[in-house]
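Which chain is which? They are A, B, C and D, in the order written, and residues in each are numbered from 1.
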Amino acid sequence: MPSQLLELYLPKAAEIQEVIEENSQIKTFVLAFVDPEYNDGFSYEPGQFLMVSVPHCGEAPISISSTPVNRGTVHLSVRRAGKLTEAMHDMHKGDVLALRGPYGRPFPMASLVGRDLLFVAGGIGLAPLRSVINTCLATGHERSITILYGSRTPSDIAFKADLQAWGQRDNVSCQLTVDRAEPGWDGAVGLVTALLGHCTLAPHETKALLCGPPMMIRAVLGQLADRGFADQDIITTMERHMKCAVGICRHCHMDDKLVCKDGPVFTLEELKQLNVMELQG
Amino acid sequence: MHDILTTCVYCGCGCGVYLHEQRGRVVGSSPSRNHPVSRNNLCVKGWHLHEFIHHPSRLKEPLMRKNGRLTPVSWDEAMSYAARELGRVAGESNGSAVGLLSSAKCTNEENYLLQKLARAALHTNNIDHCARL
Amino acid sequence: MAGLATTFGSGAMTNSINEIENAQVILVIGSNTSEAHPQVARRMFTAMDRGARLIVIDPRRTLLARRADIHLAIRPGTDIPLLNAMMRVILDENLADDLFIEMRTENFYGLRDMLFRLDLEEAAGICGVDLARIRAAAQLYGRAQKAVICYCLGITQHVCGTSNVQSIANLAMMTGNVEKEDTGVDPLRGQNNVQGACDMGALPNVFPSYQQVDNDDYREKFERAWNVSLPPKPGLTLMQMTHGGKDGQLKAMFIMGENPVLSDPVISKVEETLDNLEFLLVADIFLTETARRAHVVLPAASFAEKTGTFTNSERRVQMVRQVIPPLGQSRTDADIIMDLSARLGYVMDYESPAEIMEEIAMLAPIYGGMHHDRLENSWGLQWPCWDREHDGTPFLHKYYFTRGRGRFVPAVHEPPAELPDDDYPFLLITGRIYHQYHTGTMSRHSPLLSREAGEALLQLHPEDGRRLGLRSGDMVRMRSRRGEVQVKAQLTETVKTGEVYTTFHFSEMPINLLTISAKDHFSQCPEYKVCAVHLEKV
Amino acid sequence: MTEKYILKKDHLQPFLRKLKKSHQLVAPVQNRHGDTLFTEIDNLDKVHIDLDNQPQNSLKRFFFPQQEVLFTYHNPARDSYYFETVADESAPTLYFGVRPCDMSALLYMDVVFLKNARDPNYLHKRQNNILVGLNCNEPFANCFCNATRNGPFIDFGFDLQLTDLGDRFLVEYDRSRGQEIISSWRQFFAEAAESDVKAQYQAFLEARGKFRLQVHLDQAVKKLAEDEVPESVWEELSMRCQDCGGCAYICPTCTCFTIRDQPISDSDGERVRAWDACTFSGFTLMAGDHNPVDRQMRGIEKRFRHKLQFDVKKDNRPSCVGCGRCVNICFGGTDIVRFINMTCCGNI
């Protein structure tokens, strides 16, 4: 039995190097594979995800939030949602879980070169986009980058360090908003679509990358369409129940497409051919 | 893989179900095509009949309460203690202070034996099961 | 079960499951058939595809109710006025089967007098269904040549459970819809072998085959067979045992394969009783809530690890075959009982379950011809099966009712023990759901079933939800006069306003802390289907 | 034109006994209860091989078991988490009496399990077998493989294929392994005469005329592709589906599965693959109770669209082999044939 065939579902052990508390609901786990040789050889692209195994909890797909430019570790930002993510939140530095991947079709990084970039994210939605942003900045993206990030409350704002760093870059404009203010917050209050209203964007020059809760996605898509954004210039990443992540078990199907193989990154043009719950009214 | 015909243990329809045995484990369940009730299909519980059989929290050894905690003991210790207690209470009350609950999930033969144990060995008619629920 | 015993003389399903496919009209009352008895619902769907008409009487708009030609969304606990109203309409439009009444029944005049005194408008008012729809249902049932009635715990779990059943029997006898193929009155027994457990005499008042313990001839027969003297007085029922309380009569109990701490009403009383026993022995396959309170817990073999027989709802005795040996040190319940009996000085020695069934066949007339070798090579036999030559009985009372003539027993409305009021404005109905079973001992240990239905949900009408500020998924604190639980709300049109529904499968939401211990005087069945609760957002 | 041979019917049992020396034998066996199932035969003389009735189970569970351990995991301490693969001891197997529908179903499963990625467990079992088919002279009551165009006779996918010609079988081979078997057991096979080949073709023509079910599958596929299926059809289906999963579990081409951890102890467990059905609501339920599909309304619709629309678009043929096993088993009285009738002719 050729051994490499056995690997299809077999995860690789990975040790937690560091746990960053983003907010009460989200933690970022910095991981490195226990096998150093495999760890060095490990590479991925922004937008791809890993199947994370936790003892007795099975597996769950989690998108990689770090940039592939920094080799040696991977960041997984995890929101407390189900049995596996709850178990992860109880893990500390030095604990071992297991990963397999990378899986999925990444963001089309090549098509972003030479275009203005608009990132719109809500809550944990910033995780996959963070990988794209940091990669663009690391590879010297000249055109302007606009980042709009919405959270529920100021204490819910995640990736504060990154937002700080992005703010200092001259070609990056980073704007935050919250649903509900808290004392000491002097920033914008309201939906991320309000921020979008004030941005001056050239639709034909800009690529929009979105990720967040379905309501936010629907609202933003509406605005972008009104401002003349072409469907193939709007890119998002979808979340679905996954089991095999290699296109066999069909849990993640959207009509005839599989989110694990044909996604998770889709352009709006592709999504419109499918009846996708997130797009319906 | 061997298919052994048995009767479903869930509701009162009594479907004919094949349990698939492989290397000492029950690894699947499927309907009998010609059985008068199942007729080649099962409800969702029938199709997953095999899933609870090998669950790790199945009771696998007798337990006895020792200073407040249920601790594993041998069959002989558990049974002799049980027989002594049941016999004592039945003897002292001529059977009226001992009660037995049988189960609609056990077989006819086991229900018959339990009511015989109650009446013949413990001299009581205090036996019932949740037929009313 | 007791209800039918008095009217027909036998408490089991009169006809077989497959006959439902040929019925012209199917009346389903107090049964969520597609969730509790899917194979029976399958026959109903087949019958409907062949042109049969379906009447569903259920407070909730279940899947079956949505499929029905006529759905009477009755107010819980008012089955008798509805059935009486239907019978009155059948009388007024002389759809009764006078020949059948004359030849096969008795005391019809007692029923007729009560029906003529009935005020139809008032009866319709009590059960909250408009009279025109009751009339339509009565006409539909009355005009059919072949009509069947299926009922379940929605009928029996009331203080007037026995009268409910007798009213159903009255309706069937009045229209001659019994004693014939493809007709009948079918109690859908809830569990795989509840029919068998009753047949085997696991009841306080009867030996196997319903031979009364206080009948001297029967008792002497068993005393000779078992050569031991037997107690003459009927024993305590389940509720009398588990609700004895501190000063209850019982000092020791042996509970085999049951979980009363979760399935009996007023759990606080049950726990108090069990904790005050000097000795509690439990045999089960998992450490249930009841087993945790025992002094000794014995590991039992599951149905896949032993051989024996189950009797299903249509009286079919079928083989259960061992697939694998008992796990770990567990032993079959039969071995446990035989070992215990020997230690108590009464030796029972049977080499195999087949030998036990031989003894049953000798002592229980309706199981006279049930031998494992016959059951081994057939799809089982339906009792009564008098001897080895007899091929079983597909439908009962073929020429005569077991008790000779079917007896009409008129019944009048008996309101539930506890109705909603200002303090407890909502009416709680408890019951089952499709993916789980009973107290979850088996079904909650099945990964896929737990994925499909993993937690308790309280079905609540959207309007009530809005008034209480609740959305689906919010937690609700639900209180009755006896206890309190927290449960997740599920807003749905399945239930009417003012009524809520939940289940007893989930130990973390022990609904039976709230239910009432009022029970039917005759059958001792507790009133699970009606009690008053108060709801508030957590 | 592959050469064709003749195998006398009374030589069948001796021929199987020879092959049984090197292979586990699976064939349709009628048990004492009267059901016919594909069964692993221990003793050839104690079983009644039944070639007159359709085996109620297909070959699905022999290649894609209802529950299968992928590997075991061990977590003795917080900083130690390792895995052990399970040696798959499935012996080389000879599947005898495989009808065209079940043979085609195997080829469909190959596409699912081996096209996007090569599933190790499936591949090991698939490489390890001999397939001996049997053409259908007498289609069964619920068969409609003529509508799905993979029966009643087929000419690909098998190692050996038999056609019943009365007192003898006409034998053909499609793959080298079949040819090897014929050459290594030459004493069982005679050259087929021209008349035998003609008789086979005659049997094929007759068989094509014996289908009792009239199924307009192509029309339904066209209507689905052009989205002309009225909403009333989906509503009727959603009122009938009672969420049993039986249509998917019994179907030889339904291969969806779930993967879960089944603990054995506090520190050890098995990662298990088990059958799943797209009609279950838990199939698409995500963490945090978010479900993109409303099962009651859309569960059964997804299954029929997948078989008759999406797979037609992807592999330009429906993923239904017309075996008829799901006909008349549905608790709500629907199945793929009734769905097709509802879509095309508006009645149930």
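Some notes on this structure:
One rule holds for everything that comes next: a contact is a pair of C-beta atoms (placed from the backbone, for glycine too) under 8 Å apart; a residue touches a chain by one contact, two chains touch by 3 or more.
Here the structure is a predicted model, which is why all the values come from computation and not from measurement.
The most distant chain from subunit C, with centres taken as the mean of CA atoms, is A. Pairs B-D and B-C differ in how many C-beta pairs touch across them, and the larger number is found at B-C.
Centre-to-centre separation of subunit B and subunit D, using mean CA positions: 37 Å.
Separation between the centroids of subunit B and subunit C, computed from CA atoms only, is 19 Å. If you average the Cα atoms of subunit A and of subunit B, the two centres end up 51 Å apart. In subunit B, the residues that reach two or more other chains under the touch definition are 5, 16, 34-35, 39, 41, 43-44, 50-51. Looking at subunit C, one finds that residues 38-39, 42, 379, 434, 447-448, 452 touch two or more other chains.
If you sketch which chains touch which, the pattern fits none of the simple shapes: not an open path, not a single ring, not a star, and not all-to-all.
Which chains touch which is summed up as A-D, B-C, B-D, C-D. The touching residues of subunit D, counted against subunit A in their complex, run 70-71, 73, 75, 78-83, 85, 88, 112-113, 116-120, 123-124, 255-261, 263, 267, 269, 271, 273, 276, 278, 283-288, 292-293, 302, 305-306, 309-311, 313-314. Across the complex, subunit A meets subunit D through its residues 1, 5-6, 8-11, 13, 15, 53, 55-60, 81-85, 91, 94-98, 239-241, 243-244, 246-251, 253, 255-256, 261, 276-278. By the touch rule above, subunit D contacts subunit B in their complex via residues 31, 33-37, 39-40, 56-57, 61-62, 65-68, 242-246, 249-250, 262-265, 280, 325, 329-331. Of all the residues in subunit C, the ones that touch subunit D in their complex are 34, 38-39, 41-42, 45-46, 48-49, 63, 66-67, 377, 379, 434, 447-448, 451-452, 473.
The touching residues of subunit D, counted against subunit C in their complex, run 32-33, 239-240, 242-244, 258, 260, 262, 274, 276, 280-282, 285, 289, 330-333, 348.
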